[in-house]
Amino acid sequence: MEGLLTINNVWMMICTGLVFFMHLGFALLEIGLTRQKNTINILFKNLFIITMGLLLYCLLGFNLMYPGEFNGFIGFAGFGLSSPLVDGSLDLAYNEGYTYWTDFLFQGMFAATAATIVSGAVAERMKLNSFMIFVILYVGIVYPIAGSWKWGGGFLDEMGFYDFAGSTLVHSVGGWAALVAIWLLGARIGKFKDGKIGAFPGHNMPFATAGVIILWLGWFGFNGGSVLSADPELTSLTLVTTCLAAASGGVSSFLVSTIMYKNYDITMFLNGILGGLVGITAGADQMSPTDAILIGAIAGAIIVFGVALIDKIRLDDPVGAVAVHLICGIWGTLAVGLFGKLAGFDQFINQLIGVACYAAICIVGSFIIFYLLKITIGIRVSAKEETEGLDMHEHGMDAYPDFGLNQH
Amino acid sequence: MEGLLTINNVWMMICTGLVFFMHLGFALLEIGLTRQKNTINILFKNLFIITMGLLLYCLLGFNLMYPGEFNGFIGFAGFGLSSPLVDGSLDLAYNEGYTYWTDFLFQGMFAATAATIVSGAVAERMKLNSFMIFVILYVGIVYPIAGSWKWGGGFLDEMGFYDFAGSTLVHSVGGWAALVAIWLLGARIGKFKDGKIGAFPGHNMPFATAGVIILWLGWFGFNGGSVLSADPELTSLTLVTTCLAAASGGVSSFLVSTIMYKNYDITMFLNGILGGLVGITAGADQMSPTDAILIGAIAGAIIVFGVALIDKIRLDDPVGAVAVHLICGIWGTLAVGLFGKLAGFDQFINQLIGVACYAAICIVGSFIIFYLLKITIGIRVSAKEETEGLDMHEHGMDAYPDFGLNQH
Amino acid sequence: MEGLLTINNVWMMICTGLVFFMHLGFALLEIGLTRQKNTINILFKNLFIITMGLLLYCLLGFNLMYPGEFNGFIGFAGFGLSSPLVDGSLDLAYNEGYTYWTDFLFQGMFAATAATIVSGAVAERMKLNSFMIFVILYVGIVYPIAGSWKWGGGFLDEMGFYDFAGSTLVHSVGGWAALVAIWLLGARIGKFKDGKIGAFPGHNMPFATAGVIILWLGWFGFNGGSVLSADPELTSLTLVTTCLAAASGGVSSFLVSTIMYKNYDITMFLNGILGGLVGITAGADQMSPTDAILIGAIAGAIIVFGVALIDKIRLDDPVGAVAVHLICGIWGTLAVGLFGKLAGFDQFINQLIGVACYAAICIVGSFIIFYLLKITIGIRVSAKEETEGLDMHEHGMDAYPDFGLNQH
């Protein structure tokens, strides 16, 4: 029925827009949690990711990720987009949930997200040129091949691994690369000094907060669109589990961090919300409201300990990307075996195997890219540039040039 | 027809997302109109409201507000969510306009709004702990019981009181509590001194403006979703009346304030838009475009005089919440008896009775909560904390920590 | 089928909301790219445009733009809105893609956009009163008459001129007025001094970036809604071409400006994205993905040279509005004759004629308005006001009043 395709496609286009909007959320969160002197650099990286990411996904990513019939590990349906035609018009029987064009665009918006996660982790010290090359290779090649293993119908899909909207396929894929990157990059100057952990407060909490609220809204599309149709029961259940997990993640993170640090720390609240969202993403369509609240609450606690852990092992992650996207991504993926309709020992093992396979491809893939960049053009800016800020050196501009000049 | 449910449900999910997005609007408006030193505190409160509000609405609010068959005053359908099933699947015959899950989430997003209104009014001087307890009790208990009187099919609904999307049920419910709170709290230090009214300009007009535009957009969902289906005539008429009232509210407020104060005051323009939106909310589906423009224009004028009145009676409302949400909420509710399809003497009396009943429950409910808090743990921060800012004292952080450090 | 109308109308209402949201994008972009001391003035203008624009479009614009049967040059169906009725209810047979109310509101949101484009170009030096009068006349009269020539079924529509979503009808209409305005206004003090071009960096790059991302999102509605239904093939193709053109516009502008100026200039990246969006707008439903990428890439290059050209001819356009909206608007309109399904010599000539006709009405219309304003109440603020900032003089406020007061 064409009417149903039209409805489904409307929903999927809206979700596409919402996932696109997440890029503003990421950008505001990342600049909010970092220092003013690197603001333009982060914004620039995010603009590059979304624009180049879409072009790459059009050029090759879509056909790497959804190769059709393939060996389950890697396949490629050719460069560029080739819309399925019937009698010269777009074949609307392509899928009852969306058109070919919507399919491409929705998935394209997802593709860029993985790189955005890395952007936050490497902030304030990575060379822009190297980062851009990383984005091209990771978004263009690693992400879609990894994605094909499950969403493209590859071997992990055959095996029974479940990842509804990408706790692993998107968030951990970004998170592993973030982990490798910050390990190879090293900490920002002054972060770990004389056995102490330096405080590098972000420069704009309203931006960080706005970023998280926008990300939460974007997750309506990220998870809601992953139903791949407007099915009323599944889409609405998904929105409920998504929002409840976000809420309980935030509250849990706030409570745990308040107990531990005797302080109402807004960055923990923010990352707790994100942790809840990442955690629910793998099974958002499989959980009851109670499951969702529990998954979110555990994710919120994980955030507090995860952020402390990353600090403890002397890795410098300015925005908490590894705790949010990698650790909560793994948690959410495993939670599919522990909660909800799919829960069971076999499923849990499947989830573990999936996590391990993605760890392998992402660690290897990102290590090769970052390591080759490190030994060739370098990945880290000079100490002078880092101290004075990447904005002045890479962009010749200040993000807020005349602030304070006409104050009273 | 399942297709129609799917369409309706898509619309309702979108509206749910838009109402959620209003929380960013409120947060930006409130921090924009207050001083920099209390920014994190306000953001934190807003995060708490949306997360805890959703959890509470899941735990008990939804079933207090929509208890099914009840005595018309108070009823409770039990803790938690219990989705209606048929043959083990969600009963899609629950409502032709939305699924059970969408119903919960849409109403849950509304619930938190009432508390957000209070957040702005008590800004810059209320203890965070006390505010959080207030939120739990007011959003968890008072709001849903009050809501059941009309939207839950209670006695005011039986009587013929009309409130389409919540000029009274949401905005006045928040507004009355705001009024009680600022009366019990007292004015900020220096606000009323030697018979003069101190000027406390907000610290960020772009945030305030962005907040209002986001709120306007959110109102597409707030009013548009209150149709409770995607009925093409009603939803589109509602968006037209909503937007025209917002526009005429803004223009009217701007003109009246310019005439009175010989100054193009952007905060009046902003609050005029909000006043128009609150004013149209009770009857957005009943009005013609001309009615909507008149209702908005009167609301815009009310804002200018309302803000002056609050100052005159020595109440300190940093963001104008009482004028916007309470006074324009009452205006909009009464306007249903004066304009549009329901206009008439009997309806006007019904509206008056409704306003009075909500005044009663909200004043009593919020007074009890705030008064008990005041005589126990206290509701007001110390003078030192207020002067130095709540951000440093409650959160140990500054909202913009390194602004200005690397200026030229 | 009522179901199909309901779906289509839902899509059109969402698109209406997205086009409305573009006003926040424009506001943030414009304040981001200008100096802090004129921030409130710009925000105020944008609030005025959207509110007064909607009211004017309701009063007369809609009926000037869509007069029904008319002579093809000018027609008027009467003041106010008059919804088509059948048996006392709204006639749902009005159009299968939307109701009468949605039609008005969607087109009303477009109407204000043209004036917003001018707002950016005249920023930091134009009198607010004069600007508001300009808005009333240009949005109220010139825009809808010009629009009727094509979208109202006028002589250019008869002739075969094509402009899908307004590269010419919206963007160039704004762009021509911007060009006339900055020519009559003159440059800001210090912009062109001793043969050199002064640098006036904008005060807030995060706002500018957020503005562009919001505008891109808004374009989902601007172009997606211009299909005038939720037709799955056309809407989804349109979103794909729109996003690919934006992406390639940004990347192209970034590459060209980096080659020319050896600097990663974020404002070029931002304006390149906008240039790509404006460029694809005239033919977004006619292009293949490859066409879209090419059109966007050329638009991105045009931005770099266009901005330099405007500077070279000593016109002062603080936000690059002429390059983005006028030059890329013309490019996009001509591109319909060069790329995609309509490409051909005859179509190219039709496009040229269309561009010329809009140039004529817009240059003449805006010149008359601005010239009359200039010789009567004046269009330019005093040198003192310009130097000290329009915010303090026109609004008696600072946009960020207490920033820096409580820094450590």
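Think of it as A, B and C in the order they're written, each chain with its own count starting at 1.
We take it that a residue touches a chain if its C-beta (ideal position, glycine included) is under 8 Å from a C-beta of that chain, and two chains touch if they have at least 3 such contacts.
Just so it is clear, the model here is predicted, and its values are computed rather than measured.
Participant: With over half of the numbers shared counting as same, classify the chain B/chain C interface as same or different.
Facilitator: different
Participant: Could you report, rounded to a multiple of 5°, the rotation needed to superpose chain A's C-alpha atoms on chain B?
Facilitator: The C-alpha superposition of chain A onto chain B needs 120 degrees.
Participant: Could you put a whole-Å number on the gap between the CA centroids of chain B and chain C?
Facilitator: Taking the mean C-alpha position of each chain, the two centres sit 33 Å apart.
Participant: Which positions in chain A touch two or more other chains at once?
Facilitator: 3, 7, 10, 14, 204, 398, 400-401, 403-404
Participant: Quick one: in the complex, what on chain A touches chain B?
Facilitator: 1, 3-4, 7-8, 10-11, 14, 18, 35-37, 201-206, 209-210, 213-214, 216-217, 220, 224, 230-233, 235-237, 239-240, 243-244, 246-248, 250-251, 254, 263-266, 269-270, 273, 289-290, 293, 388-389, 398, 400-401, 403-404
Participant: Per the contact definition, I'd like the list of chain A residues that touch chain C in the complex.
Facilitator: 2-3, 5-7, 9-10, 13-14, 16-17, 20-21, 23-24, 27-28, 31, 39-40, 43-44, 46-48, 50-52, 54-55, 58, 80-81, 89-90, 92, 98-102, 104-105, 108, 128, 204, 207, 394-408
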